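As written, the chain order gives the labels A, B, C and D, with residue 1 at the start of each chain.
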Amino acid sequence: MANSFGKLFTLSTWGESHGAGIGVVVDGCPPLLPITAEEIQAELDRRRPGQSDIVTPRKEADAVEILSGVFEGRTTGTPIAMLVRNADQRPGAYDEMREKFRPSHADFTYQAKYGIRDHRGGGRSSARETIGRVAAGAIAKKILAAAGVEIRAYVTRIHDIAMPEDSGAGAEFPTLAEVEATAVRCPHAETAAAMIERIKAVRAEGDSVGGVVRCRVRGVPAGLGEPVFDRLEADLAKAMLSLPATKGFEIGSGFGAVALKGSQHNDVFAPDGKGGARTVTNRSGGVQGGISNGAEIWFNTAFKPTATILQRQQTVDMRGGETELVGRGRHDPCVVPRAVPIVEAMTALVLVDHWMRQKAQRGTFEF
Amino acid sequence: MANSFGKLFTLSTWGESHGAGIGVVVDGCPPLLPITAEEIQAELDRRRPGQSDIVTPRKEADAVEILSGVFEGRTTGTPIAMLVRNADQRPGAYDEMREKFRPSHADFTYQAKYGIRDHRGGGRSSARETIGRVAAGAIAKKILAAAGVEIRAYVTRIHDIAMPEDSGAGAEFPTLAEVEATAVRCPHAETAAAMIERIKAVRAEGDSVGGVVRCRVRGVPAGLGEPVFDRLEADLAKAMLSLPATKGFEIGSGFGAVALKGSQHNDVFAPDGKGGARTVTNRSGGVQGGISNGAEIWFNTAFKPTATILQRQQTVDMRGGETELVGRGRHDPCVVPRAVPIVEAMTALVLVDHWMRQKAQRGTFEF
Amino acid sequence: MANSFGKLFTLSTWGESHGAGIGVVVDGCPPLLPITAEEIQAELDRRRPGQSDIVTPRKEADAVEILSGVFEGRTTGTPIAMLVRNADQRPGAYDEMREKFRPSHADFTYQAKYGIRDHRGGGRSSARETIGRVAAGAIAKKILAAAGVEIRAYVTRIHDIAMPEDSGAGAEFPTLAEVEATAVRCPHAETAAAMIERIKAVRAEGDSVGGVVRCRVRGVPAGLGEPVFDRLEADLAKAMLSLPATKGFEIGSGFGAVALKGSQHNDVFAPDGKGGARTVTNRSGGVQGGISNGAEIWFNTAFKPTATILQRQQTVDMRGGETELVGRGRHDPCVVPRAVPIVEAMTALVLVDHWMRQKAQRGTFEF
Amino acid sequence: MANSFGKLFTLSTWGESHGAGIGVVVDGCPPLLPITAEEIQAELDRRRPGQSDIVTPRKEADAVEILSGVFEGRTTGTPIAMLVRNADQRPGAYDEMREKFRPSHADFTYQAKYGIRDHRGGGRSSARETIGRVAAGAIAKKILAAAGVEIRAYVTRIHDIAMPEDSGAGAEFPTLAEVEATAVRCPHAETAAAMIERIKAVRAEGDSVGGVVRCRVRGVPAGLGEPVFDRLEADLAKAMLSLPATKGFEIGSGFGAVALKGSQHNDVFAPDGKGGARTVTNRSGGVQGGISNGAEIWFNTAFKPTATILQRQQTVDMRGGETELVGRGRHDPCVVPRAVPIVEAMTALVLVDHWMRQKAQRGTFEF
């Protein structure tokens, strides 16, 4: 099940960039949830190309069709299959990729692993695969929203341009409107403007840049996550590193924790006023011992600069011979803004799955 | 299976800090592998307390017994159960923890999740749980060693003291002797001395510090890892974040990737002289598109400062009332050196699992 | 993953009888296998309605589309998604089923489980779901055929009409042509004729009958199957009982084993002439201790009479009130002949999965 | 995870007949369940040898130790490890089995699968492995008992001696005392006496016999089981066929369903008086479309005659040479009575697992 994710709320994605289409099957969704293709489409529209002048100008409608599992507007508890047809492709546009391995792409490793690959547009390694994740995540987000959980991801850094620090408990939780206000999805307007300028400058050079996406979640009750291998932060780390172009993950204080002493880092407890406890600070990132503690969950994911650049690069062909490759066509100089809804989707999927696990184990055995 | 890890080479751990013992079951191990309790004990001895004057002086023999799955010195292909009995415990030593939640420990979250917890020494959340991982990892390491794969973890940073940068392809691969030469497991002697001094100084204050462990792996063939969710780096990230006290993971260039442009970050290919390709640089960290490319795999894991400190801290008791807690007893001011063999164990487990997956899918269906 | 089957060669089915379509995703298929939509269609054609005058006269083309995972005629190792669109449905034809629970159908239990159901044609509980299994099984059969494994299922009994006993090692292995020679898929011509007559007679009464399908497999090497829970016969039993309308499974001597003493039942060993052993008899059914022994694998599956009958039956409506229901339309008086390719498909899926597991665990760790 | 069973309430067994011991780890158990070693021991005592004069006279104490997951008499939600040490073994007693394959045992297939085997007492293929299942099942039974579910297995047939038919809804549900009243665990006293006589007669011949165990479950609510692959009957079939010496499984009408027409077999619905429906008859065996319907669940499992007989048998040795083997020692002439608690244990494990799945998917997402 290398192409499946989740234990109880499971999604399985399939499809290649230039095959018939991209799809996903969601298994284990609770029944009776109202859901429409429009709601799913709205999330897909956030990730698709052509949204603004800093992402790839390719026009892809990416219209989703729900094939099963929804009846008269509500989920039935059976598998929800969703399909996005690929648009007609230009034959021959990718012939060079059949013979040459693009640097820092997955061409070489797919060939090594399988002895065959669909070279067109990266095949299965294309970021189009994330369509299925976003579609499944739209369902998970709806479940969470009904339970009072809110997920907000946004760009905190592009190349060397970072927004002012805002993380953790106490800091303001940006609204969706603030995030969507600019093409770069950074809720800090001045920083956003600088980021956009940088992306345009880099594009003009035929180059690319990466960045950091922060994700914050509020409303998660204490008790989600498993104590050992399936810790909440472990599953979030896996979810993030399973995304194309990611190189790092940190939760709460993250790598910065190393600079602090225990007396500076510990989150002391105070009464929550309801007979329980809350942490006064939140360097833990909302998770302790792998289990949510009721505080805001927050983490960062690092994205490398896009591997496709419009410059001449040295490489090797299928016969092991030295050659060169020049990137062409319409590509994203920076995928980070489009990654924002994908990060939210994966986060929602992890949370719903752990919530279902918790429901399974706790409480009485009655109907 | 929240306490299991791996799909084909699976380990399941059990046990609490102050219960009868700690154990692990390894399922799926290839048959006919020569293995002895002594080999496993050697790895356990690397993680156990009392090894040096910078870790906790608690003396725990942690003697392992192989209960099944090994016959006449070789694995039989059936489950390998291993048990480490806990030493006799001092009754009453942990009575305070029954009533009070220790800051940045898992006491509160376990109580929230389960409505009950074994409070003695952290119960299941104790780092003693990693004994089972190290025992299982010893077997995985032996399998990999026979296949020419070498794993080397070491400490690159403690608090604000970091060794000179050494990562990636081309840099020297430290020997095991170099790593084990100092109590802090940093192969750079001068840095190690400074780290040890810092740990001692912090201990004198009743405080604690964290650090970074780097792990490098050479000899892994191209082709391990799955293209989407079970990417090699995703499973490594999960493995690392499943360890106690970890806050971050980065592979290859990691968070530093963000500072580079694509033209600076891409690893161009050159002929490998055997009809294939190799990357000239290794910012990818040995993995592209989730699949190993034959280059050295390297990644970093951040550990926060130990939560247990010998200072007075504010907290909350089981009834939600404000109280205070003073850490006592013999604790590690810094767990990072002891984490080194655990990082190696988890890495070995991930690699064997993916190697078995690759064996399953490729090749012909014959015996 | 309640709608998935298999650990390494995994299929996930989705779709309802009267929704947009029926589909399947196959994950873990070895790369480089030549496969075409036509080969899959050929198996689907064996299960579809309208093949003969003893099955339902409904005409369904059930044309399969391969959506992913096959490139230039060969599998790529990535997920293979396949889709069969449902034909246009007659609105209103199933309105009665919205309100009334059909006896011995899944209407009531789906409603109890989910609180909602797609009542049209049985929704997800429809035998149309098996389309996905047959499509996936076609791929598995091709893998096995290349490895010299042959699977043959056929009908040995309809109602009280049984063919002469033929099971186990030594007995003749029917050809595919012999099985397909009659509409009832019993390779014994005289018995087949009687079975067909019985089915027609029962249909004339508006009634239905069940039967027994035998499945035999030759060419499976010794060593497939796991020793405890995932015994080969356990997974075959699960596979068969996962089919609609099945009530029983027996392997080798099956329930008849009870009538024998150990001295009569044991399969003694004789040299196989190649330095190994073979069983002289085969009451074990090709499996000992859960693992294949190299002899022919053979087992029986019992199918109950079709629940849909064209007679008046007492039942209950959605509000718990007493009511009546009269079956209508075009239904199979006997599903058993159409179950033959489905039994073969499930058998192939179990075998490929176990073969991949065996490949993963045995042998050296090299490429 | 070939040695694990269950998706949410999971057990993993390990251990060989003549190794250090036999054990099990239960993962996913709900917290706060009161449980003691004595309660588990009581179930183990029902399966252990030496209980009566018709089973093997070997004396094995089989004393269980709970190693983890239970604190102050209640489960903590973390893994419950249990260990039964093997008694000291007589060296040399099994030397013959090192060289010769016992007919209809797993010696040959283990050797073929793994290239190595622990030949002493059958190693991992020994029925002692079921100790772990019974220990885990004791916990599952306690969970079910608290929810009002009662499981009763008993012997309905030994060799050709069968008790009068009693199955399904309406028939009397035997008490535990009635089942335990005789050594053969058949609640029909006259039949039990005849069975015991037959077993003694067969033992005098150095031969063995098999039989049928029926299992009935009442109190299961409608809605347990998954619609497709993980049907309740499919998981029960797998559970039963995963037991040593089993050859067949049938639920409800089973193989007898074939003799009936649909009009005779269908279970019509009647109002249940509480706004729902109940079936008037119960040929379905309490399951429709894979999901429990609230009626009694009942099924049969066929056990072959014990393979170990005290007679001379032809066989083959490790070098492929013809040889003979004479069974010796103290063996069960009939394992069927001892299988009764094991059947109950596996049934309980399946039911708890499905109940937890149902809890996970249904209801609201709140705490």
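Heads up, the rule we're going with is that a contact is a pair of C-beta atoms (placed from the backbone, for glycine too) under 8 Å apart; a residue touches a chain by one contact, two chains touch by 3 or more.
Just so we're clear, the structure is a prediction, and the values are computed from it rather than from any experiment.
Trainee: Which chain pair is joined by more contacting C-beta pairs, A-D or A-B?
Mentor: More contacting C-beta pairs are found at A-B.
Trainee: Matching residue numbers in more than half of the contact pairs is the bar here; say which of A-D, C-D or B-D clears it relative to B-C.
Mentor: Of the listed options, the interface copy of B-C is A-D.
Trainee: Which integer distance in Å separates the CA centroid of subunit A from that of subunit C?
Mentor: 39
Trainee: Indicate the whole-number Å distance between the mean C-alpha point of subunit A and the mean C-alpha point of subunit B.
Mentor: The mean C-alpha positions of subunit A and subunit B differ by 26 Å.
Trainee: Would you mind pulling out the distance in Å between where the CA atoms of subunit A average out and where those of subunit D do?
Mentor: Centre-to-centre distance between subunit A and subunit D: 45 Å.
Trainee: Quick check: what residues of subunit A touch more than one other chain, meaning two or more?
Mentor: 2-4, 13, 28, 31, 77-78, 113-115, 124, 221, 223, 227, 357, 362
Trainee: In their shared complex, at which residues does subunit A touch subunit B?
Mentor: So the residues of subunit A in touch with subunit B come to 2-5, 13, 101, 103-106, 108-110, 112-115, 124-125, 129, 157-160, 202, 205, 207-212, 221-231, 233-242, 244, 246-255, 257-272, 274-277, 279-280, 283-285, 287-294, 302-309, 311, 313-316, 319-322, 357-358, 362.
Trainee: Per the contact definition, I'd like the list of subunit B residues that touch subunit D in the complex.
Mentor: 1-4, 7, 10, 12-16, 19-21, 23, 25, 27-28, 31-32, 65-69, 71, 74, 76-81, 83, 113-118, 123-124
Trainee: Where on subunit A does subunit D make contact in their complex?
Mentor: 8, 28-31, 77-78, 143-144, 146-147, 221, 223, 227, 352, 355-357, 359-367
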